[in-house]
Each structure stands twice: as C-alpha cells, then as structure tokens.
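Next, two complexes with chain A in common: one pairs it with chain B, the other with chain C.
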Partner chain A sequence: MAGIYDLVPAIAALPLASFVIALFAGKDLPKKGALPGILATAGSLALSLAVAVTVFTTGEGFNQNLYTFVAGQDTFSLHLGVLIDPLSALMLVIVSLIATLVHVFSLGYMNDEGETGLPRYYAGLGLFTFSMLSFVFANNILMAFMFFELVGLCSYLLIGFWFREAGPPSAAKKAFLVTRFGDYFFLVGVVAIFATFGTGAFAGSESFPHLAELALEGEYDVNTFFGLGEQAWFTVLGLLVLGGVMGKSAQFPFHTWLPDAMEGPTPVSALIHAATMVAAGVFLVARMYGFYALSPTALAIIALVGGFTALFAATMGVVKQELKQVLAYSTISQYGYMMLALGSGGYVAAVFHLTTHAVFKALLFLGAGSVIIAMHHNENMWDMGGLKDKMPVTYWTFLSGSLALAGIVPFAGFWSKDEVLYEALIHGLGTEGGLGIVLLAAYAMGLLAVFFTGFYTFRMVYLTFHGEPRSDIARDPEPVRWNVKGPLAVLGVLAATVGFINMVPVKKVTGLEIDYLHQFLDMAPEAYLTNVHHYTELLETDAFAGIHAATPLGEVGTVAASAAVSLGLALAGVLAARQLYNAPQPVEHTDRLGRVKTILMHNYYQDEYQVWLARDVTVPFAGVLDTFDQGIVDGVVNGASSVSRTAGRQVRKLQTGVVTNYAALLTLGLVLLLAAFAVVGGWV
Partner chain B sequence: MIATEWYLMLSAGLFCIGLLGILMRRNALIFLMSVELMLNAANINLVAFSLQHGNLSGQVFALFGMALAAAEVAVGLGIILVLYRNFGDIDVTSPTTMRW
Partner chain C sequence: MTGATLLELPEYAAVAPAVIMIVTALLLLVIDSISPEPGENDRLALNAVAIVGAVTALSVSAWFLVAGTGQTEGPISLFEGALVVDGMALFFSIIVSSVTVLVLLAGYDYAAGDRYQAEYQTLVFLAASGMILLGMANSFVAAFLSLELASLPSYALVAYLKHNRGSVEAGLKYFLVGALSSAVMLYGISLVYGVTGTFQFAAVAEAIADTGLVGILGVGIVMIVGGVAFKTASVPFHFWAPEAYEGAPAPVSAFISSASKAAGFVLAFRLFVTAFPIGVVEGVVDWTLLFLVLSIVTMTLGNFAAATQENVKRMLAYSSVGHAGYVLIALASVTTGSDGYALGAGMAHLLVYGFMNTGAFLFIALTEYWDVGRTFEDFNGLGWEAPVACVAMTVFMFSLAGLPLGGGFVSKYILFGAAVRSGLWWLAVIAAINSALSLYYYSRVVKAMWIDDPEGSFEIESYPVGIYAAIVIAAVVTVLLLPGFGLVSEHASAAASALV
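And now, the complex of A and B:
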C-alpha cells in the first residue's frame, strides 16, 4: 500500500492550485474562486481520509525526504519531506475537513452577503490550507518552521481582509507582530537544534528527539553551548521552540492577538483562529513530544502555562458582550487545556482534545457566523435573544457545540477535557518533587476553569437564543441558506459523536478496549519512535521527565471521581448561567462584580500592559541604542573619513601648478636617491 | 684619442646647465632650450660609450634621441603658443589655474 503515500504531497498541492486559480482567474469564475477551493479541499479531505485509513489498517507510515534544497558538504542538508504517522494523518483529516466545510460556509457568509474582493479571500483560504497541510506532514523542524510562518502570513492577510475599515488592519498587524515575537524564539531554537544535533528530523533513529535521548544516556555526543549540561541545554532548546508555540497557540502572555483577530471574517475565525492554525503550536509540541518528554522543566512550564491560560482566559470570557469575543477567549482557554495535557504527560489526551476542540469550536464559530448573518453583522449578544425559534438548525447545532465545549456528557468535549484533567491529576499525584506540585497546581487551575467554561458557554447560549428578542433585527432575522446549514449540520453531529473515539472512563469501568484514538496513535511504526508507548517509556524514566501515575482510589475509582468532579463543575456552571440568564429579559448580572468586571472587561489590562511595554520601555531603550549607533558607531566612521579629508586638504598644497617646483622636487629626489645609494653601496 | 671621462664631464656639465635653466628661469622658451641641452647631454654620453666599446648601437640611439628632441620641440612650441594665447605671456608660473 505504498501507492497512497506517493499522493501525500497532492493533499497540499490541491489547495495550492486553488490558491493560484482564485488569485489569477477568480474574478471570472461564477463563485469568484469558491468552487475550485471547495473541490480542492474536498480532494484533500478524500486523500487524507485514504491516508488515515491506510495508516489505521496497515500500521505503516511514511517518512521520506522529497526535495533537498541545500545539500551540505560534510555537514547537514536541508530537506522538504513528508512524515505520515497516526498523528499527522489524524491532523490532515481534521484540517482538510474543517477547510472544506469552511469553504462551503463561505458561500453563504461571503458570496451571498455580496462582499467584494472575493478572489483575494479564496486565494487566502487556499494558501492557508496549503501551508497548514504542509506544516502538518513536515518531516523536519525547518520545514515545519517555514510553513508555520506561512500560516502566520495567511492569518495576517485574512484578518485584514476588510482593510478599508479601521479595525481589521490594526488587528492583523497585532496578530502578526505578537506571533512573530514568539516565532523569533522558535527560529533561534530551530537554528540551535541544527547546531546541536546536525538534523531537524522529527522521526526515526536519526531524529533529534532520539539523538537527545541517546545523548542523555551517554551514548551519543552532541554540541551543547554556553557550558550548559545536556539536560539543561535541551530544556533551553525546548523553551525556545515553545516561544513559537505559545505565540501561535495564543498562550499567556502571547494571547492578546487572538481576541482582536476576530475582526476577520467569521469563516476565517472558524478555520484559522479556532480549529487549525492556533492548533499548530500544540501540534508542534505533540510532534516533537519525544524531545519534550526528556525535560521535566520544560514540561512543568508547559503545564503551568496551559493551566494558567485555561483559567485566565475563561474568566475573561465570562463578561464579554460580543459573541465572537466569548468564543475567542474560550479558544485560548481550550488550548490551555491541551498545553496542560502535554505538560502533564497526557499526549493522547492533548491530541484527543485537539481533535474534539477543532470540531466543536469550528462548529461554534460557524454557528456564530450564521447568527451574525441573521443579525446583519451585529455581534452584540444583548441585541439578540429569542433566535431559538427563528433559526432552529443553527440553534440545535450551536447547542451541540456548546454542550461539547462545556464538557457535558456524552458530547465530545466531555470525554477529551475529562481525559486531560484525569491525566494531569494522576500524574500530579504520582510524580515526586516540584514537577508533581506544579502539575497539581496546573490541574487545580484547569479544574476551576471548567466551571467558568460551563458558565460563559451557556450565558452565551441563553443570551443569543433564549428569552425575548431585544432588537428589531432579532425579531426578524435574515434567513440563512443550505450552504450555512449544511456545514453546521455535519459539525453538529460530529460534535456530539466524535468523543466516542476515545472513551477512556468507559474503558476503565467496563474493561472494553474502546480507546480507539489511543490505539491509533500507538500504531506509529516502531522505527519512527513517535508512538505512545515510547513516549510513556520516556516520561516514566527518572533520568528524563520522571512522571509517574498514581491512582489513590484505584483506577476505576479515580477515573470516576475525576469525571464526576469535572462534570459536576461543568453542570454547576451551566446551571448558574441558566439561573441568571434564562429569563425573558435577562439583565447583566456581571455588573454586580463591580471593579472585578472592569478589570475583566479590560482583559486584565494585558493590552495596556503590552502597549506600555512597547511605548514606555522598548521605545526609550531603542532610543538609547539609536544614540549609541548614531553617536559612537557612526562617529567612528565619520571620524575616519574626516581625518583623511583634512590630511588630503593639507597635502594637496604640494600641487602648486608651477612646473619649476615639480622639477626641483624631482631633482631633489634624484639627489637624495643617489646619496642613499652612495651610503648603502659604500661609495663614500 | 681623448679619454671617455672628458666626454662624460662635458655631458654632465651640459646637463647641469640645462637643469639649472629649468630650475631658475621662468620663460617657457628658455625651458624648451634647457630641455634640448639635457637631451643632448644624454646623446653625448651615448656616442662616447659607443666610441669606447667600438659598437655602433649608441650612435644609432643618439640619432633616435635627436629625432625625439625635434618632435618634442614641435609639441613644446605648440604648448607655448597656447600658453601665450590664454595668459598673454609665456611665464611658466602664470598658468596655475588647474591646481587645488
């Protein structure tokens, strides 16, 4: 079955072709480039599914360099290549599925709304899909970095799609700059990884995670820098790459760009800023998990950042008035959960939550898009209300996504979020020393965030769909067509069911082998060293991460207790929201929070703080450097030139223009020369 | 037979007269003549050594030297003519407009 793997590059090439078609011929096409985009992404989806099925049935992977763009002499070479293992196959399916549905949805959101500049829009979507898919199957970290940057560029282009208004271009710049700040560390990390290991490959016995493992066991020599030991240096490398991850996955303190990115068209938010691009950071950590599993410090930081971000963003989501803002903070919070899972050794849990989140958050964004069409682009939830009866398809699918987000059994989010928290709990309890305490602290923050998640999700649902309409538009919303309802229906069903691929609690209680995702991810070929049991081995080795699991109530008891606690908190959040906001004319109960609300509405003054950092710290510092540059560096250069200028001005007076002087000098020179010869030659 | 040293002394004397003419006079025509003197001092040297070695090459060279001197005078006179037209006299210290 090697045949299907030869077609893997086509998965990315199809959207690239749609990008070219939309860009150059889009304005002459009937739907301005939407149709090539839909066909291309559907083709990618079909191929991705075929690849995933092949991986699932044969258990084989594919890891090959396809193109060498720099061939090193006596040193490493730089490649573009393909790595297909269960992780990348799964991610390819997610990305191409969401991309296809978003393209269809765009027909309703963009074409039917009479937007201009559509070829540019579809070209952006095509280029993004191409870049994201290439990022997913990249087999080395340099290629991953290149496409990581390209998706950032597409994000910039699409956030700023409505560039004639004031907000979007500014938000686009902010998104670009904040993520670029993180990517700066990532770039340094990529270079350092090449300098350390001489390779950037992700999988196989020559890959850098495996070389790092050998180096720690003393079987392989690597170059470390700054006199650091191997473990410390690998932690530094991991943290450098983590900079890019935190920028892209909007983790604290680089999360500030994501809420502003909601200025872009809603399908773009669904595709890029919820389901796929933001997942790139988490995916990257999962991709090189064999490397992070070697460093307890890096894992602790990942877990802590993740747990903190989950709670921090969820609290801000509680007070937002605009539909997409709530979803944006929810996205940040949910990616925090994934980081928490990765940091606490729950590789499968993180990938599982990534999968379910991609489905239900894309659904919620598309549902929000449907509401926004109906509301004539008014996003304020206080102007909505009562949409439940006017748009039933949107309501029921949105409800499915909301239940999944809140983590209510049996919707997708329950299974994945529960597994994240379960992994954090058992590893926190079982691990000794500081790492265990950090994991428990991160777990506590994640657990608390469950309540807020349930609350803000259902506050959003009740305000938008229940009660009495609170504006004229809400009384008579614009109807949406099949191209909006279709994607919603597909995702709505998936959001309810996708959790069944990995029902760990049910497995633990009944003993049935139904943790399919776990089995699937464990099917990666032994030689790639990317399968789950290899990661577990690394995590449990005390010389590496030293993370152990402990189940004080027994396995069944612990999993049941963990599930009960998180479900209970989620239900408490939902019921609190129902109590407060399920009224015909709800009032803004968060006003009672007083100053706390002011702080939350201002996002903990994170934007102000970052502006202060830029304006009052960076600018004066840059001023000092500018003075140094202008004064000292340029001064030396100018000094050198003025010395030769002055000297030249004096010496040129020798040129009198009088022939006699020249002749006299010539004669004088001759006489001196003769005298010199006479003395040296011994004539006198 | 006069010894070669005498010719050389004559030649050195002529050369010094020519050199002094260039160093001390300002008239361009005198310059030209002084240059002729120095050239001919060289020619005398050539002929004298030709005589001493019994080899005709030096004499042939002296002929070339004279032809060169004639050509040089033609160019020199042209320069002097232009000098006169532009500055009104042929003082070599007056054309200093092209210096710094």
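And now, the complex of A and C:
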C-alpha cells in the first residue's frame, strides 16, 4: 500500500482543479461549479480515508520533500513537502469530510436560493479546501505558513462574498486584518526558526522541534539572538508562532473578527469554523507540539489564553439575539478549550476535541443554515419559535449537535471536553510551581465555561425550535430539500457517535483498551518523533516543560469526579435555560443582568477598544510618522535634490568647453592625487 | 568536442579575435580602393563584410571562452609574455565585438549615402582590434601600443562628420586631452621601468617587491592610473567625455562609451592585479584607496551633472561617467587575498552595460536620423510614433538606473554587494544613493516619451532597418540578461578568479 502515499498531493490537487474549473468554466456548468467541487472533495475524502486507513493498518507514515523552490548553497533550502502521520491523516479526513458536506449543502443554500456569482463562490470553496489540505500535510513550517496565508485570503474572499452589501466587505477586511496582525508575528517566527535551526521541518531527527530538544540537552548548537538563553529564545519563537495561531483560532484578544465573519454565507461559516481557518491555528500548535512541550512558559500562556477565551466567549454567547452569533461565540469558546488542552499537556485531548468539534460545529452551522433558509434569511431567534414540528430533520440533528456542544453524555462533545478538563486538572494538580497554579486557574475558567455553554446552547435551541411561532415566517417556514437534510443527517449521527473513539473515563473505570484515538495518534513512526509517548516524555522531563500528572482520588476516582462535575455543570446550564426559555412565549431575561447585560451585549467593549486603538492611537501615531515622512524625510530628499541640482550646475560650470581649461584641471587633479598619495604613502 | 579541435590549433590562434578585426579592416580598405565612389551594391558589400567580420570575431571569442581556451590549461602566453589570452581577455573581447556588431548594424543606415563609409568602418575595426589587444596586453609596451591603437582611430571617428563643427571640435578636444593623458601614462610607465627594469607585468610585480625607490614607483603608479582614468572616462580625466560623446555621431558615442570604456577597465584589472598586486604595493601606494576616491568622485560628479542636463545625449554622456564610477567599485573592493568576486562583478556589469548603453546611444542615433531634436522636450510623445524603439529605450533607461527590467539590476546589485563583502558598506550606500539620483534623469526620458504631449508633430518618414535591428537586439539581450545573468557572472567570476 505504499503507493497510496504518492497520491497524497492529489488530495489537495483535486479541489485546486475544481477551483480552476469553477473559475473559468463555472458559468457554463449546470450547477455553476458545484458538481466539480463535490466530486473533487469527495475524491479527496476517499483518498484521505485510504491514507488514514493505511496509516492505521501499517503504522507507517510518509515524510518527503517533493519540490525545492530555493536550493541553498552552504545554507538551508526551502521545500514543499508532504508529512503524513496520524495527526495529519486524521485532519485530512476531517477537512475533506466537512468540505464535501459543505459543498452538498451549498446546493441547497446557494443554488436553490438563486444566488448570483456562484462560480466565484465555488471557486472560493475549492481554493479554500485546497489551501487547508495543503496546510495540513505540509512537512515544514514555511510551507505551512504559505498555505496558512492562503487560507486567510480565501476566508477573506468568501466572507466578503456578498460584496455589494455594506456588512460583508467590512467583515472580510476585519477578518483579514486582524488575522494578518497575528500573522506578522508568525512570519517573524518562521524566519527566526530558520535562522535558529536552519530547518523548518516538522518531523524527523533533523526537525526543528528535535534540534531544539537536543540543544536544551546540550548536544546541539543553535543560534540564539538578543543574548537570550536557549530555552528563553525557544519560548520567544513559540510565542511568535503563537501570534498567528491566536489570530486564526480567534483567541483573546484577536477573536473580534470571528463574530463579524458571520456576514459570509452560512456554509462558509461552517467550513471556516469547523475544519479550516479557525482549526488551522490549533492544528499548527498540535503539529509542532514537540517544540511547545519544551517551554513551560509558552505552555502556560497557551493554557491561560485558552481557558480565559473559553470562559470569556461563553459569557458573551449568553445574550446574543441571532442564531449565528451564538454559534460564533461558541466557536471561540470551544477553540479556547483546545488551547487549554494543548497548554496543559493534553495533546490527545486537544486533537480529540478538534475532531468532535469539527463534526458538531459543522452540524450546528448547517442546521442554522437550514433554519435561515426556512426563515427567509431572518436570523433573529426572537422571530423564530416552534420550528420543531415544521422541520423535524433539522430539529433532531440540531439537537444532537447541541447536546454534543453542551457536553451531555453520551454525545461527542462530552467525551472530548471532559478529557480536556481532566487533563488540565490532573496536570494542574501534579505540576509544581507557577505552571501548576496557572493550569489550575485555566482549568477553573474552563470548568465555569461549561455551565455557560450548556446555558447558551439550550437557550438557542429553545428559542429557535420550541414554544409558539413568533412571526409569520416561522408559522410557515420554507421547506428544505435533500441536499440540506443529507449533510445534516450524516453529521447528526456522527455528532452522537464520534465521541466513542476515545472514551477515556470508560477505559479508566473498566480497564478496556478503548482509547482508539490515543492509540492511533501514538502510532506515528518513531523516527518522526511526533507520537504521543514522545510528547509525554518531553512534557514530563523537568528540563523541558516539567508537567506531571496527579490523581489525588486515584485514577478511577479522579476521572469519575471530573466527569461528574463537568456533566453536572453542563446539565445545570441546560436546566437553567429550560427554566427560563422553554415556554410557549418566552421573554427576555437579559434585563435582569442589569449593567452586566450592556457589557455583554457590547462584547466587553473589545471592538470598541480595538477601534479606539486603531483610531485614537494608531492613526495619530501614523500621522506623526506621516509628518516626519513628509517634513523630514521628504524634506531631506527634496533638499538633496535641490542641492544636487545646484551642485550639478556648478559641475557644469567646470565644463567650460575650453580645452586648455580641461588640460589645466586634469593636470591639477593629477598633481593633487600625487601630492595626497605622496603624503599618505610617505614618499617624501 | 572543442577540446579535440583546440589541440590542433596552434597557440597563436588564440589572438584570432583581434586578427579577425584587423583583417576585416584591411579587407574593407581593399574593397574601398577598388570602388572609391560607393553605389548601392558596394554599400551592401561593405556592410556585409563588416558585419560578417564583427560577428565572426564575436563568435570566435565566445567559442574560445566556452571551450576553455586559456582557462582550463592556464593562460596562453604569447610573444615572450607580451600578450596573454585568458578568460578575462576573451570576456572583454566578447564585450567589444558585441558592441562593434551593434554599432555597425546601426551604421548601415546612419552612414548611408556617405562617401567615406568604408573609412568609418575601417576605423571602427582598427579601434576594436586595439581594444581587444588591450585586454590581452601583459606588458607595458603592448598595453601602451594597444591603447594608442584603440585611441587614434577613435579621435578620427569622433571627428568623422568633418563638415560638422561640433564633431570636429569634439574630435580635436578628445585628441588633445587624449594626447596629454597618453603622455602622463607613458611617463608613468617609464618611471616604473626605471624602478623595475622590466615591462612585463608579472616581472614588474616581482621586481617591486624589494625595491627601495618607493617615491619614483609611487609617482609612476599614480600616473598610470591617470592613463587608465582617461580611457575609462573617470574624474579628473573625464573632461573629454561629455564633449566627445555629444559631438560625435551617436553610433561612435555608443562605441566609445561602451567598448572603449570596457577596454580601459580590462587594462586596469590586469595591470593592477598582476603588475601591482595590492599585497606588494600597499606600503607604496594603496591604489584601492585611490580607486575608492576616484569611484566616489566619478559616480557623484557624473550623476549630479547628468541630472542637470537638458540635452539627452549629453545626459547619457555624463551617465556614462557615472557608470565608470560604479565599475571603479570593483577595483576599490579588491583586498589582499580576495577572490575574484569584485572583479567578476565589475566585468559582468561592463558586459550588461555594453548592451544597455550602446542601445541607448543608438536610440539617440535614431532620433538624429529622424532629426527630432536633442532635448528632453523634443522627445515628448515619441512613444506613440515609434513604439518599438521607445519600449527598447525604456528598457535601457530603467536597466541603466538599476530597476529589474533588465540585467542592469543584477549587475549593479552584485557590484554593490562586492563592496559590502569587502567591508565598504558605506561605499555601497553612496552608490545606491547615486543610483537613486540617476533614476530621476533616466525616468525623465521615459516620461517624455510616453507621458508628455508633443509640442509639434513628428516628421518620421522611414524606419531604418539597421538601427532598429541593433536597438531591438540590444534591448532583447538587456532583458535576457536578467534571467540569464547567472551564465555571465559564472564566466566573469571564473575569469577573475583565474587572474587573482
């Protein structure tokens, strides 16, 4: 089966082909480019599955440079290459699965709604999928950066798809600029990594995570800068790359672009949130986890940012009026959990949550899309109600996704979120010093967010589907077709079941070896140094991260207690929402929050302060620079040019046209040179 | 394959490029003496012989260079070491013969209907043979003779339009300044001979290692620098250049400013690396410092003067002075024990310069042919009348300024890079500032051609084939040298490394 790895580039090339077809021939095709897109992504899915199965059955990977675009002489070279290990194989399956379903769903959401500009839309989807798939199998950080940027570009194009309206172009620009701000740091980080290690490879004994490990053990020399020690410098590198991660994965304080990005078509939101743009950030940390595992400071920051974002975004989701806004904040919050897991040493938990979240968040967005079709693009939940009986398929699948999001047993989100919190807890308890305290604080925030998650999720469900219809449209919603229901059904079943791939609590209690995802991720070839036990080893080494686990109630007891607490909080949230909003005519309770409501509705004034930063700090600062540029730099330039013109005229005067003058000047020049060099050379 | 062929050739065949030039010159004189009043047929015959001769010289030089003549088995030394054929000699032979081909192509129209066309071509060939020999000269005698062989026909060429006052005046000035410079150089040579007792470059280097007469030697070296500065049109021996370039027929200006300048530099490169190695003469006269000073003064003066000109041809003349300043960086960047990087960069720049500068002057030849006028304003709107030529001129201007539209960008880049490598980063900064200034006056031409509205209408009756062909070839080569620069710099640095 080694041959299957030769086809890996085709996984990305197929959507690229669909991009080209849709762009140049889309308007002449029957579905305006949807069909090539579906075929291409389905082909990618089939290949990805084949690759994943091959990795699973053989335990072998693939790590090869395919193309060298800059061959360095006496220095490093720049490559495009492929890295297939369990992590990237899994992610390829997720991305191509979601992309396929989004393409199918788009038939209902875009084609059936009579949108114009569809070839552009499908071209965008194709390019987006291509970029993300290439990013996933990138074998070095420069290639990852290139496709990371391309992902950002595609999201800009798709969020701004309806560019004739006021909102989308502005939202697209915001998404682009905010993520780009983070990417500056990433770019600096990439350059710094190359400068430090001379390689950007992710896996293998020549990879930069491994070289960093050797450097800390004193077995390898790297270039550090600014007089920093090796570990401090690696922390700086990790944090620089983290800038890009936080931008893309919408972590505080770079999360502000994401709610605005809801201006894009809903299938695009599903793609962005579940499998591509936002997932790219977290995936990158997982990809180079061997590097982060060396730096306790970087891990602490990741965990803290993640825990804080999880709680912070969840509280904002509580007061939102619009369906997609609630989902947007839940996305931010859920990626916070993944960061929390990564920061607290729960590599498997993070990948697990990434997987389950991809499924249930895609489901929720597509379900929301279905509701939006039915509601004639009115997204306000207060105008909905009672859709449960009118659209049963949407309701039941949406419910499955909501239970998963809220973390109710046995739906997917419960297992993964529980594992995230469990990892944070045991590592927080077991690690000494500041890192342990940080992890526990992050854990506490993550735990608290569980309650809010349950609450806002079921507030959304009750307001949308339960009670009496509160508007004419809700009384007579537009029916949706198979192309909407099909993807929903697939994802609905998955959202209920995908959690079974890694039931850690059941494993701990019964002793059955059913943590399949853990085993799968641990199957990465030894030589790649990307398997779980290598990461665990790094984390537990005191010279590196120094993270240890502690289970004060015994393994079974701790896991049971942790699960019980988080499930209890989730249920409390759900019940609170049921108490407040499961009524035939629910009323707003947000006024009871008093001034807190205002703060929440304004998203903690995050946008305001960023606008203030831009308008009242950056613009005046730019103004000062502009004055400097206009007055001083241009002044110098203008001065230089007038000086040079004057000087030039003087030079012209030398050129009198009289040849005897020339002879005199020439001789004089020679004599001057002779005299000067006679003195310098000491001839006299 | 070439290796086998070369073995059969006698060693003296290595001077073939120069010999071909001389033979062609004589052949042209023979044709002219058979038919002194040329008709249309004779004109074709003359041009055919001339162009075939120049192309042959170019092909032979290129063939030798690629085949490794004088490179793989060490330099070929001839006539008791008076001449030497190595990679550098062949490289400059290519530059000189390329420029000769272009100038002759343009001369087909420019000198059409002229009684003295054969003389014109003969003089070009004789000067070209002098320049090629200058690249091969390995002793002071050979160098001086070659220099005069290159210079004397050039004086006549500048004064070629003998009923034109400007041309005649320019020729006389050129001759007088040239005679003075030759005298200075000859005096320098005699002083060096007095100290060392030999003319042969390598022997000079050996002899000065243990001489006590540093003062006489130093004066001699500085005076020889003067001779080189004259040929390369460097300050303070540059005064003839603007006058000669402006007064001469434009193809002659192209020839002198490109080929003659290159020949001056090849002499300087060989002379100062083999006869006065910096490691040996450092205590007497630090000629890198001397060239450093000349480089800064030359580029600055050339560019500043060019910026204030109203006459395009005169602007090009001063820009040519400025470029001499850039190439002097190569000599200023030579350090003790350095590899051939700096010299290679200078050689590569001279090759690129040979095409872009020749092309620019030939464009002036075209405008003279059309009689559109000489100032920037006279070029207004020309782009819409003669788009092909003006696109080519745009390429030349931007490439001369160092924008990545032609090879001028890369060659300047590595030239400045050579300065940085030798620790003279501030020299690179000065050069970059000069380049930025040069963009101002180069882009004035482009702006005039494409953006400004013409004041009157042009009376363009015909589009001369020869000049057009020459301009287009020069432009295409200039552009191709951008991607193909690696090939040039490879040969240049190999040739330079062999010398150092």
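The rule is simple: the second predicted complex is superposed on the first by the 641 of 684 C-alpha atoms of A that agree within 3 Å, B and C clash if a C-alpha of one lies under 4 Å from a C-alpha of the other, contacts with A are read in each partner's own complex, and residues count from 1 in each chain.
As a working rule, a contact is a pair of C-beta atoms (placed from the backbone, for glycine too) under 8 Å apart; a residue touches a chain by one contact, two chains touch by 3 or more.
Note that this is a predicted model, so its numbers are computed, not measured.
Asker: By the touch definition at the top of the document, which applies to A:Val679: first (chain B), second (chain C), both, or neither?
Answerer: The answer is neither, since A:Val679 touches no partner chain.
Asker: Using the superposition on chain A described above, determine whether A:Ala25 touches chain B (first), chain C (second), both, or neither.
Answerer: After superposing on A, A:Ala25 lies clear of both chain B and chain C.
Asker: Once chain A of both complexes is superposed, is A:Lys653 in touch with chain B (first), chain C (second), both, or neither?
Answerer: first
Asker: Taking the superposition on A as described, I'd like to know which of chain B and chain C A:Leu553 touches: first, second, both or neither.
Answerer: The answer is neither, since A:Leu553 touches no partner chain.
Asker: Could you look at A:Ala614 and tell me whether it touches chain B, chain C, both or neither (first, second, both, neither)?
Answerer: neither
Asker: Please indicate which partner A:Ala663 is in contact with in the superposed arrangement: first for chain B, second for chain C, both, or neither.
Answerer: both
Asker: Touching A:Val70 in the superposition: chain B (first), chain C (second), both, neither?
Answerer: Touch status of A:Val70: no partner.
Asker: Check chain A for residues that touch chain B in one structure and chain C in the other, and list them.
Answerer: On chain A, the overlap between the chain B and chain C contacts is residues 652, 655, 657, 659, 663, 667.
Asker: Can you name the residues of chain A that touch chain B in the complex?
Answerer: Listed in rising order, the residues of chain A that touch chain B are 652-653, 655-660, 663-664, 667.
Asker: Spell out the residues on chain C that touch chain A in their complex, using ranges where they run on.
Answerer: For chain C paired with chain A, touching residues are 172-173, 176-177, 180-181, 184, 214-215, 218-219, 222-223, 225-226, 235-237, 239-240, 242-243, 283-286, 289-290, 293, 301, 304-308, 437, 440.
Asker: Using the touch definition up top, name the residues of chain A that touch chain C in the complex.
Answerer: For this pair, the touching residues of chain A are 641, 644-645, 647-649, 651-652, 655, 657, 659, 662-663, 665-670, 673-674, 677-678, 680-684.
Asker: Mind pulling up the chain B residues that touch chain A in the complex?
Answerer: Spelled out, the residues of chain B in touch with chain A are 19, 22-23, 26, 31, 92-93, 95-100.
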